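You will see two complexes here that share chain A, one where it goes with chain B and one where it goes with chain C.
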Partner chain A sequence: MYIATRGGEEAIQQSEALYHLLNGELKRETVQRLQESLPYLVDRIMGEASLYCPELAALAIAQTGGDLYEAVLLLRAYRATRPRIAYAQPVHAREVLTVRRISAAFKDVPGGQVLGPSLDYSHRLLRLDVLDGKSDESGLGFTPSERPASPTYPAVADWQRQQGLLRNQDADDTPAGEIPDLTTESVQFPASRAHRLQALARADTGGVLALGYSVMRGYGLIHPTVNELRLGLAEVMVQHPVTGVTFSAGRVRVSQCEVVAPAGDETSYSVGFAATLGWNEVKLIAASTLDLNMAAHDEGSPQHPAHAEEFVMYHTEPVESSGFCIHFKLPHYVTFSSTADNVRKVTQAVLGASNAAVTHMPVSATPETEEA
Partner chain B sequence: MLKGLVSTQQAYSYAYLDPYAKREIRRRILKAIAIPGYQVPYASRELPIARGWGTGGLQATLALVGPDSIVKVIDQGADDSVNAANLRRFITRMTGASTTTDALRSTILQSRHRIPEERLAEGQILVLQVPDPEPLRAVQPDISKAAQLHADFDYGQMWLSLYEQLVRFGQVVHGASYPSVVNGRFLISPSPIPRWDTPKLHQAAHLTILAAGREKRVYAVPPYTDVRPLEFSDIPFQVEDQTGRVCKTTGAQNQFMNEIPLEDGTAGYELSDSGYAEKLANNLIAGPTYYIDGAFYHAGILRPPVRPDELDPAGHPPSG
Partner chain C sequence: MNESSLPAYTLDEARDRETFIALTDAFSFPGRPVTLRPFDDADTPVRIGLALLDLETSFHAVDPLVESRLLHTGARRVSIQDAEYLFFSSLDPQKVNALRAVRNGSMLRPDDSATLIINCTFASGSVFRWTGPGIHQSIEVRLGAIPAAFWTLRRAAGPFPLGFDVILCDGDVIMGLPRSTAVQSV
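After this line comes the complex of A and B, so read on.
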């Protein structure tokens, strides 16, 4: 029973049990299978959760029956219980072990266009033969190159800086532990660039896409060019908090995207940037476009909500937006009765208190109210 | 012997939050108490409860709770509301604190949308869950600009919006979370409590902590602090009209009632405060309530309501 009276505790336990019953047994094998077969889903969840652990992400997906906002919340809640014992050192693009790297700005770039794994040029046809139990041909036809590709590549932006197309920017050498951290301090507006990029990194993929698409489609001033999009593996280098020795804590899948557009004065290009854990291209193209637009409007009034960092950062937060949306399922009868009190008083005032039948009269049937 | 010196490894910290998070929240709460009504930003950790379901209040409670605490959790005034049951279950599971439905026995009382009818005492903490801490959101959605308005004590736009309601509807039609000024300085949203509960905050003996999880703000009304709803000198603030409403279970009157639609098209009523109703139903001695015999416990905080039909043609209340 939904109504907030009697037996609420028993009811919510049964409701949860029924949810899990309908989703089937939660087994270790299921989790392992999910982790192996759905890496892009696992990546997306890890990015939004800002917690890199494919095994836990797969568990979260399995445990929630694939309700992704619930899965992200599970991981975020778990993440929030882990004390921050160290900060990794910054990852440089030129050091990322790159498996895919493309630039739309040039036909070819130093180091070459590396397509890597992608569905970009596939024919989107359902493989109905798989349902017929015919042979599994996935991956068939892939021939490893005789000459292995380079694991690392120079940044396209470096070449453009040499050419004077991009302005030189001083490297930010803030020590890792002193970089503002969105997860341990509250964001103040205007936000620091670190906070903005962190918020985009853990933003909701769909939310970032919707706002990013709005500025691409007609509510932005800037048509972005994908300067460089990368998928790769980054070595997480951590300084041991006690011994001071720097060591690799492992490799994580990362994406980064850089979009450019002519700066306001047309003498160079402005850069928008985004990076996240896991491979998630659509999110990063949208996020870096938002970064570019937000930077253009940091001074002066934003003309569209998606240009304002406050709007973008607040409304693409997956845990907060989804949580608040579903909270409307909670009983609201106290606030409802508070507004009903006003509605009744105003109705009574409009219709005139002398009319004894007022409470039984449909409001829309009286011409006076239509006037009012 | 060494065993006695080391604590056993546990999957989660006491009261779920790690000690750094707890320390931060406690410090922010202290600041909030020191500057009554000022919204103090805090990091706001994710909890295993959906965001927007009381995670702000829950973080405040978890930062304050101890094994000796007696916790009461209500939602819409009810202890057995599903969300209250769930939060209570989580708090006890992570802390071992005991629980009660008696508002007067509780040391920490976490609530969504209500303040109990019985007067809370010194030493008690009321934690209110807050969806939107910014009372100016409707007139100024930009947080940076709203912060400037608070800094300047510039609440002109809020007054204007109340005046516009008067012009359009003949009365102020603000529902729950009625904007109120704390300590003569900061305008707050008292959280979506009905207007009925707003006067209870004025010069209250207990400490009220208002915490928003999504919006990452905590603010407070310390004990014995002025809390005044915005009102014009000639148009007094009004609470929801409870006249003629009689609780079908306890026979109580003049408290905030739930309206229960009945099949015959009429309505029945029951006390919204389930803990208070429980006492009345079992003939237990209930404490004094905030609202007695037509007046809130601080004389003059609530001036007599004026029905719209009693206003003269110019919109003024009847004289005398």
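After this line comes the complex of A and C, so read on.
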């Protein structure tokens, strides 16, 4: 039961003002610093909001004091008001300006392992000396290569298809305007491939990791191998509405992950896939593992909730899940009053019965006392 | 982040943003007049169209001038039964009759319905009593240039959540009439 709250308007305004006062003044410089110093957080928010704009993502983080669910909500609300003016062309992995591309399946994948920027092999030690005023020189050890690396790398899966390890799959040639869009239509289950990939792309990082970890750890149908994990910059190619000329409207940070496992008949491999705006490795490894498990479940009955598409898609949605969770703090006076009435009635009924018993007991106890 | 990396906040964008906020106000408080701040020469129905339409929406406009302005949004021009947004510079019984085909959603997808943008008069005409969400008890609204048959059609499009939403316009003043509002003549 939901009821409208009346009154308390000034208290609500004061509460909001206090929140912003404690978070400090919202300044352009703060937003700028956040965007420069927290690129992975900005990426995470942009991915979950499915809106690529680092400036606005940094603003959302600053405006909400770093409450990430609120930040995603702000960006999604903003996104909902933006007009669609063009459809970008599909992005192919082999054309992404790749800064990091690794495979856990084969050491010598075509193009080699490209580590790019990573903390994977670092010591996890807090730099306490920075707090003492020591300058951070950890980036100074980087030496640019004399020979520039290739900007693009072939897809590992393409090479595996040539080797007969993966089945050929026809590209989906649905026109851009007809691709199902999760952000404008409700999902029906079983969901379309487009809806599933869109849901994983904008899913809550923590939620996807929790469910993904559950299938990795012991509730999975499949042990995944990371076939390819890629971080890069994709050109957003659009067609000019008047001249018809195709041009790049800009570059966006993107990441994608493919995990593989032997298919049911063991004559090839099955592939799980996920991609998102921004660089977010842990989310994509978890999401592609969930994709693989959901695909395995599509062929049978789910043994665990994280194999079921409906469970995964609904429960990893950051705005809906956080919104539903925090709505419980809003007034539920009528619901509570109704249950409290019941509790009182039952308590009284029980008390009434036990009082009757208590009143009755001394009658039988009296002779005993007297006997004592 | 330098200034040049940010897209310019254009006058068109500012206008559409203000119109959008005015529309949310109008639908939050049905029957309450909301005045649009003047921006450029675009009249109110066109302003509403520019704020709401894009590549993925469809519309039907009776007035060819309105239609030609709105085609620039990239929205598809379609017939009454397919349109998500319908623009009427004026309403007469004949046009109301054509509106029988308008989309009123389904129980599974109530949002699969139309929004009508209709020119009328707020200073003259019949008085109606509106009740429903966003209205404290009831509100009396004077409306002119709306044929009686329109109200019959509106009732027939329900019951809630089925129906269509209406934005009434008179000059630069708009009024929201969502499907959740009950209208009685006084």
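Simple rule for what comes next: the second predicted complex is superposed on the first by the 329 of 372 C-alpha atoms of A that agree within 3 Å, B and C clash if a C-alpha of one lies under 4 Å from a C-alpha of the other, contacts with A are read in each partner's own complex, and residues count from 1 in each chain.
Here is the rule we go by: a contact is a pair of C-beta atoms (placed from the backbone, for glycine too) under 8 Å apart; a residue touches a chain by one contact, two chains touch by 3 or more.
None of these values were measured; they are calculated from a predicted model.
Visitor: After lining up the shared chain so the two structures overlap, which partner does A:Thr335 touch, if you call chain B first and chain C second: first, second, both or neither?
Guide: Only chain B is touched by A:Thr335; chain C is not.
Visitor: Which of the two partners, first being chain B and second being chain C, lies in contact with A:Glu55: first, second, both, or neither?
Guide: After superposing on A, A:Glu55 lies in contact with chain C but is clear of chain B.
Visitor: By the touch definition at the top of the document, which applies to A:Pro241: first (chain B), second (chain C), both, or neither?
Guide: second
Visitor: Counting only touches as set out at the top, which of chain B and chain C does A:Ser118 meet: first, second, both, neither?
Guide: Neither partner.
Visitor: Looking at the overlay, does A:Thr183 come into contact with chain B only (first), chain C only (second), both, or neither?
Guide: In the superposition, A:Thr183 contacts chain B only.
Visitor: Quick one: classify A:Thr174 as touching chain B (first), chain C (second), both or neither.
Guide: Once the two structures are laid over each other on A, A:Thr174 reaches no partner at all.
Visitor: So, does A:Gln32 touch the first partner chain B, the second partner chain C, both, or neither?
Guide: In the superposition, A:Gln32 contacts chain C only.
Visitor: Residues of chain A touched: more by chain B or chain C?
Guide: B
Visitor: Just to be sure I read the superposition right, which of the two partners does A:Pro83 touch: chain B = first, chain C = second, or both, or neither?
Guide: A:Pro83 sits against chain B and chain C alike.
Visitor: For chain A, what residues appear in both contact lists, the one with chain B and the one with chain C?
Guide: On chain A, the residues that contact chain B in one structure and chain C in the other are 81, 83-84, 184, 186.
Visitor: Which of the residues in chain A end up touching chain C in this complex?
Guide: Residues of chain A touching chain C: 31-32, 35-36, 54-55, 58, 81, 83-87, 177, 181, 184, 186, 241.
Visitor: Can you list the residues on chain A that touch chain B in the complex?
Guide: Contacts found on chain A: 2, 4-9, 11-12, 73-74, 76-84, 183-190, 308, 310, 317, 319-320, 322-327, 330-335, 337-342, 345-346, 348-349, 352-353.
Visitor: Per the contact definition, I'd like the list of chain C residues that touch chain A in the complex.
Guide: Its residues touching chain A are 1, 5-6, 16-17, 20, 53-56, 73-74, 109.
Visitor: So in the complex, the part of chain B that touches chain A is made up of which residues?
Guide: Against chain A, the touching part of chain B is residues 12-13, 16-21, 24, 41-53, 55, 75-78, 80-86, 89, 112-114, 131, 142-144, 169-171, 173-177, 192-196, 214, 216, 240-241, 256, 258-259, 272, 274, 307-309.
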